[in-house]
Each structure stands twice: as structure tokens, then as C-alpha cells.
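The following blocks contain the structures, represented as C-alpha cells.
Common to both upcoming complexes is chain A, partnered first by chain B, then by chain C.
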Partner chain A sequence: MNVLLVDDEEELVSAIAERLELRGFTADFVTSGKAAVAKCREKRYDLVVLDMKMPGLSGLETLEILAADHPGMPFIMLSGHTEVRQCNDTGASRVCYLVKPAKIDDLIETMRHLSPA
Partner chain B sequence: MQAMVRMRELWDRLRPMFLTGEAATAANQLFNYRKIWMLTAFGTALVTIIPLLILAVFNYNQYQTALGAEINYPFTRLVSNTRRQLRSFLEDHKAALSFIVQDKSQAELRDPKQLRRIFANLKNTFGGFVDLGLIDSEGVQKSYAGPYDLTGRDYHEERWFKDMATTGVYVSDVFTGFRHAPHFVIAVKRELEDGSFFILRSSFDVGLFAGLIASIDVKPTSDAFVINTEGVLQTPSRHHGDVLAKLDLPVPPPAEHSEVIEVPDLRGEKFFMGYAYIENSPFVFVLVKGKDAMLGNLSTMGNGIIGFSVGSVLYIMTVILAVATYLVNKIYEADLRRAATLHNVEHTNRMASIGRLAAGVAHEINNPLAIINEKAGFMSDLMATAGDFPKRDKFVSCIDSVLRSVERCSAITHRLLGFARHIDVKLESIHLDELIGEVLEFLGKEAQYRNIAVSVQADPELPPIESDRGQLQQVFLNIVNNAFAAMNDGGRLEIILKPQQADRVAVTISDTGCGIPKENLEKIFDPFFSTKKEKGTGLGLSITYGIVQKLGGKIDVRSQVGHGTSFTVILPVVRA
Partner chain C sequence: MQSSDDDNTDGAVFIAKVAAAAAHDLNNCLAVLGEQGGLVADLAWMMQNGRPLDPARLAAVAEGVKRHVARAGAITAGLSALAHTLGAQRESATPACLAALCGTLFARFADRARVRLTVCAADEAGDFDGDQFGFVRLLFACLEGAVACQPDGGEASLAVAGGGGEFTVTVRIAGGAFPRDFASAPQIAALCRDLRLTANVTEAGKALHIAPAR
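The block that comes next holds the complex of A and B.
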């Protein structure tokens, strides 16, 4: 599974990317919304993990652009605010919210839920 | 004893709130209610009752004066009339004797025949004459016509004879004399050219006066009689003694006209005394009437005025006390509401500032915490694939410890963030029963594992409400989480949803947990108040409180130690 990780904290995304790769995923990471949009245009991803709070394009703004560019693409949003984990995967865009910091197993479980292939 | 208890019960029921309520003693109260009440009541009473009393006294005095004059007038008139009658009786008889003494010579009068004829004429013309006698300057009765045998009587030692030396006409007071029957005399003197004189003297029965007085027909309560200037009765009296007895009332002071005075008798009973001195005689006419008989109307009127005044004062005092109590109670209630509002505002402000601070701290900490989490996780991953190396177990346990600590830290930051989330309310139509169902799903596993019975009763009439879904979830999750924490395995959680009034819904969440002691009940919504020691941040219920307020609702808690706790969240159907 091809995953793109987007967070302004490079230390964080790099570590998550490495951990996912250890578990057999292909994971790229970028540190801004703008870079994420560019990255998605040059490569096809099965899923994008976005941080909500980023300088420049926020997580939600990036989500909007990416969802428009790639209909049907699933997203995982990481946020300090989400108290209740929830998935909104019935509409046009499929989004799940995870609390930050998330456990790697929870992240992978959510990824498999959104993209079973 | 029982009456005392009953009085006490009545007082407990009637006692105004401001005398006993908490705020009556609270330090932040604006007023001393008891003092305000007293000032209002007594101030109003003063300005209403004093003029009333002054008016009543003034009225009474006016009436007394008017009535006194009204009573006095006929009284005085009666005295004057009687005096005039008595005076003219005396004057007529004096004039008749004077005429005879001037008209006839001493010799003519000395003739018993002549004297008897004159006496008979007098009796027929004037009436009242008992006898007629001629007395010479030696005091010897030379001639006499009348029923007694008094010819030759020597009067020169008698008082009236001595008095005649200085006066021409003499009227005696009543005495018994030689005949031993009460009578009075009128004597007239004629001076002769040779320096000697003679006296024509006639006596009168007191019955004449008595008949005259009886003719004025006084009421049985009154008394009319004649006294002399020494206070000896000259006519019989109804209540004060017989002829020649000493009057038991004081002798009125001399006066030219008729007078009315107030006198006490020997027993201290008050009388009105009308009297008149009759000129050129020792007689005083007296009319006496009991004061009570005379002032009967006045005292009825006085009683009426006093009764009316007392009634009015009682009525005014009752109204004033009721109004003062009502007003002060209203002020008291307003003050209570003000204190409650102030308390709420204080609480909200405190929470808002703590919330802003907490959110800032949580945001700053959350990112490095995520990095620690991922780095430590990555180390753990690496070790899992690295095979064996010295002190491997120690490394693994250290990293696990780091990961557990991160988990604890993140729990705190999330609560802090949740606490700050009373901004951005997102409104949507929510079916509360469904929302509660969603919340309970999070705890379904735990309930099953701990054998906790969960029941939800939703009123079929429950309307959907307009509110923020995420925040409501947090509210109910917090409360249900606390309930679970308070209960032992096998407890019961009951959630009841029902409409309240027209525009509100109430959600009551009751558990069978350990309960909250009374001293903690007031503090459970304060930030950082916790009884869970290390396990809790003390923010859960504070966040809940903040959110419910933000959503326009109210949260209430009742608890009994050992029996359980019941939270009631009241939410508006439509958020204002």
C-alpha cells in the first residue's frame, strides 16, 4: 500500500514513515500541504495521512484540494482536538480522525479499514 | 406547652425568607434585610399613624368643647331663670312691706285690729306671709297678727334685730326660732324724726321656696335646692340632705351671674354645679347634676373615637408589615439571583482563562509528545527485528516505560484541549437518544466485562435538539466515564431522557456508585479538582460544565454517599 504522510514536524513524519516501512508499507512524507498536493500529482497514493494543524495550507484545506483532485481517495486526519475517534466514510470522500499522538497499531488498523486492498 | 409548639410551627411557616435564608448572613450581601424591613415598616408607620392619632385627639377635644357648651347652655339658663323667680319673690314681698311701713303710722300698726286687716290683705294679694308683727326700737313685739302667740316677745338679743341697726331692709336665712319650725323673715325699718324707729317684720315658710324649686321639674339624676352663704341647706335636697343640714359639696365662690363649675363630693364623685347668688339675701340657688349623666354622649363618642383609632392603627400596621415584608423579600430574592449570577460569571471567566492557558500548553506539548511517541515506537520496532544483544530486556522495558508515560501525557493534553473547546459551536439537529447510544458504544466492552447493567429510557415525545454533536458526545462520555469509575463491578447505570417544559430536554444519568460527599459536591465542576489522585487530571467535569453552559444548558448533580450519583443535563431544544 502506498501511503503519503503530511506533517510540518519532519522528525515525526520521518519516524512514522520508517515504522510503516518496517511493516511492509510504502511510505513517503512531506512537511507541508502544498508539497503534498504536488507530490500527489506526480505519484499515485492509496491513502494520505494529514496533520490538521500546519502552517500555510491547513490539514482541512489540503484535504479539500486532494479530494477534488483524486475522487475516492481515503484520508486519515491527525488532530489534538479529536476526542472521539470517528470515521466519516460513507460520503464522496472517506475520512477517519485519529487522536495525535496515535499508536502505530491504531494507525495501521484505520488504514486497513479505509483501504482494505 | 402544645400551644407554644403550635405557635412556633406557625411562625416557621410565616417567617419571611430574608430573616433566615443563607444570603441573610452571606458576606457579599448588599443589605441588612432586617434593618431595611424595620426602617420601612416603622418609617411608614410613623408617617401614617402619628397624623391619625393627632387628628383623633384633636377631634375628641373639639367635640368635647362643643358638647360641653351644648350641655352647659340649658343648664345655665335654668339656673338663671330660677334665680330670677326667687329674686322677684323676695323683691315683691319686700316691696309690699316697705309700702305698708311708709304708708301707715306706728300707731295705726300698733292697733291689732288694723294689723290683722293689713295681714289678711297681704296674704290675699301676695300669698306666702305666715305672720306680721310690729317691733319697736327696744326690740319688743308690740303688735302681732299670725298663728302664733308672739305679742310681747323681746327680740333685742336676736341676731337679725342687731343687724337691723345698720340696714333698712333685712332678709334672714332659714332658722327655727321661737316657733321651732324652719322659716325665714323679711323685716323693714322706718326711721322716725325723733331718732327712734320701728320695724315691720314678717316670716315665711321654707315650703314656699321648695314649691318654687319643685316647679322647675329637674330630672331624677339632678338636684336643685337653696343654700345660704355658709353652705347650710335652706330647702330640702334630693340627694344632699334635709333643711338646715350642712351641704356635702363645697360652697361655690361668690359670683355676679349664674355660673357652672365642676365639684367633687366627699366620695370623690364629680358633679357639675350650676349656681347663682340671689342679691340682697343670704340665699344661693344650686342645681347639681352628675358628670357621667351629663357627659354620657361624650363618653360614647370618646369610646367610638378610641375604638376607631385602635382599629385603624391595627389595620394600618398589618398592611404596612405585609407590604414591607413583601418588598424586602423581593429585594432579598433579587439579591440571591444576583449572587448566583455573579457566581456563574466568575466560574465561567475562571474556566475561560484556564481554558486558554491549557489549550496553549497542550498544543505546544502535543507535537514533541508525538515525536517522542514515534521515535520510541521506532526504537521498539528496531529492537524487535535486531535479534539479541546485551541488556536487551532492560532497553525494552525502558522504551515501554517511555511509551506508557507518553500515553499518560497525551491523556492530559487531550483533556486540556477538550477543556478549551468551548469555541466553535457547530449546530445541527441531533436525536439525543441516538447520540447517547453512540456514546455508550465506546463503553460497551467495559460494561460487558465489568457486568454493569446499562439502561436507556427515552420519552417517545423527545424532540430533536439543535446543538453541537461532538461537544455533546464529550459531555456524555465524561459523565458516563465518571459513573463507570465510581461503580464497582455489577453496578447499574440508568439514563433517562425526557422533555422538560416546552423548550428543553433533560438527560438524567444515574449510577449506583460510591457517591460524592457533600463537601465535594460544590467543587466537582472546578478545574483540577479530582478525587482520583494520580489517575485523573481534574478537568473532566469542568470541561463538561463549560460545554453545557456554552450550549445554553444547565448541569445539576445530586449524590448520596454509598448510594450513587445522578447528573442531570438540561439542554435547550433550540439554542438561543
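The block that comes next holds the complex of A and C.
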């Protein structure tokens, strides 16, 4: 599975990417919504993990652009304000919300839920 | 003219703003520390399963842990210093020391606005003898103004010269300009009046000077 991780905390997002790679995923990371939009235009991803609160384009603004650019692409949103996993995965945009910081096993389980292939 | 209730509300809003930003930053620090701890566990598991451990990688993780512990420590120190500007907990502080505190508290807001903030507050003798909390709020409001009136990627600086009752604070911006009437905005004007300070926009809006009223 090709995953793009987006968070302005570079050391956080790079550590998550490394841990996913150790588990057999292909994980790239960027540190802004703008960079995520550009990255998704140059490479195909099965899923994008976005931090809600970022400078510049917020996580939600980035999600709107990416969902319009790539219909059907699933997203995981990381938020400090969510207490449990919540998924809206029946509509055009399949989105799950996870509490930040997310445990790696919860993240992977949610990734597999959204993108079983 | 602001009432005491308005002032208390403004003070509470300021604390809430600072606390929310600090909580967000601390949460990020904890998230980084959690992932780095998880990474060490992953590396240990790999080593147990016959994969070589890269000492440089482990050292880099350890450095990251130390860096984020220090970052979290600076955030809590800032909150503690802010608490010590008020009431019975109040400690003596120079104008430069209070400006440096304001710079620390404002750092995340500057980052979010993509404005590079520099603080030049060489400590000079002489404690600030007024309401320290109000002074920090005033400088914070000035920095909010400095960020609001310039585009992303701008620069702002906060400098203090002098100490005690003889000091000048200068907020300078590189892009954009302070509105000519910035100093008469209700919150700035009320804080200046309560603190017996004057604020003036100069240099075609590029600088804001704050000094004791004569």
C-alpha cells in the first residue's frame, strides 16, 4: 500500500513513515497541505493521512482539494479533538478520524479498513 | 473606555489562547516522543530477529528525544513564567525578560502565520514596576498586529532597549505596515493607559515604539 503522510511536525511524520516502512508499507511524507497536493499530482497513493491543524492549508482544506483531484481516495484525519475512531466511509469521500497521537496498530488497522487492497 | 469586566475577559481570552497553543505544542512533543519510543521498540524487535542495528540511527533517535524533551520543557517554563507575572506568584522581572517571555509564548502563532519572529531583548538592570501580566498582553497584542498586517513569509522583530522605568520596546516588520491608527485600537489603547505607556507607529508603519508615558 502506498501511503502519503502529511503533518507539519517533521520528526513526527518521518518517524511514522519509518515505522510503516518497517511493516512493509510504502510511506512518503510531506510537511504541508500544499506539498501534499503537489505530491499527489506526481504520484498515485492508495491513502493519505492528514493532520487536521497545519499552518497554511489546514488538514480539512487539503482534504477538500485532494478529494476533488482524486475521487475515491480514502483519508485518515488525525485530530487532537477526537476521542475515538470515527469513520464516514460510505459517501464519495471515505474519511476516518483518529485521535492524535495515534497508536501505530490503530493507524494500520484504519488504513486496512479504508484500503483493504 | 474598557470596564474592569472587559479587561478580565480580555485577560482570560489571552490565557486561553496561550494555553490552547501550548497544549497543542505539548501534544505534538508527546506524539513525537511516542513515535520515537515506538521506533526504538521496532529497531529492538528487528535486531532480535537478526537485522543489524544501525548505531547512527539509534543515536539520531536519542538526539530527537532529547530535543523534544527540551522543547516541552521550554513550553512549560513559558507557562510557568506567565503564571508568575500575576498576583501572589509574581516575581521581579525586567522589561527585556518580559519581552523574551512574550516572544516565547508567541512563537507558535508566528509559525502558524509563517512569519519569522526574532526577539532581541538584552537584559538590562531595572525591574518593570507595573502590571507585568498586562505588559506581556500588550506586547502579545502588538505581535498579533505585526503578524496580521503582513503577508505569509514576512518578518517581525521585537526589541527592547533599557530597563526599569526607562525602556523602549520596538516591534518592527519587514513586509506590510502597521495601520497608522494601530496604537489607538481599543485593546492597545486600554492596556497602554492602564500601564502608563505610550505606543506610536513610525517609519511609515514599519515600526511600533512603546515606552513609558512622560
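Rule of thumb we're sticking to: the second predicted complex is superposed on the first by the 116 of 117 C-alpha atoms of A that agree within 3 Å, B and C clash if a C-alpha of one lies under 4 Å from a C-alpha of the other, contacts with A are read in each partner's own complex, and residues count from 1 in each chain.
Keep in mind that, in the parts below, a contact is a pair of C-beta atoms (placed from the backbone, for glycine too) under 8 Å apart; a residue touches a chain by one contact, two chains touch by 3 or more.
Note that the structure is predicted; figures quoted are calculated from it, not measured.
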* To do: Applying the touch criterion given at the start, work out whether A:Met1 contacts chain B, chain C, both or neither, answering first, second, both or neither.
  => neither
* Partner chain in contact with A:Val37 - chain B first, chain C second, else both or neither -> neither
* To do: Name the contact category of A:Cys87: first (chain B only), second (chain C only), both, or neither.
  => neither
* **Touching partner for A:Val99 - first (chain B), second (chain C), both, neither** => first
* Would you check which partner chain A:Pro55 touches, where first means chain B only, second means chain C only, and both and neither mean what they say? => second
* To do: Could you tell me if A:Leu12 is touching chain B, chain C, both of them or neither one (first, second, both, neither)?
  => both
* Touching both chain C and chain B, counted on chain A across the two superposed complexes -> 9, 11-12, 15-16, 18-19, 22, 53, 80, 100-101, 104
* Asked: Mind pulling up the chain B residues that touch chain A in the complex?
  -> 362-363, 366-367, 369-375, 377-378, 381-382, 385, 406, 410, 413-414, 417-418, 421, 442, 470, 473-474, 477
* Touching residues on chain C, where the partner in the complex is chain A -> 23-24, 27-28, 30-32, 34-36, 38-39, 42, 46, 64, 67-68, 111-114, 152
* To do: Would you tell me which residues of chain A are touching chain B in their complex?
  => 9, 11-12, 15-16, 18-19, 22, 53, 80-81, 83-84, 99-101, 103-104
* Structure fact -> Interface with chain C, chain A side, in the complex: residues 9, 11-12, 15-16, 18-19, 22, 53, 55-56, 80, 100-101, 104
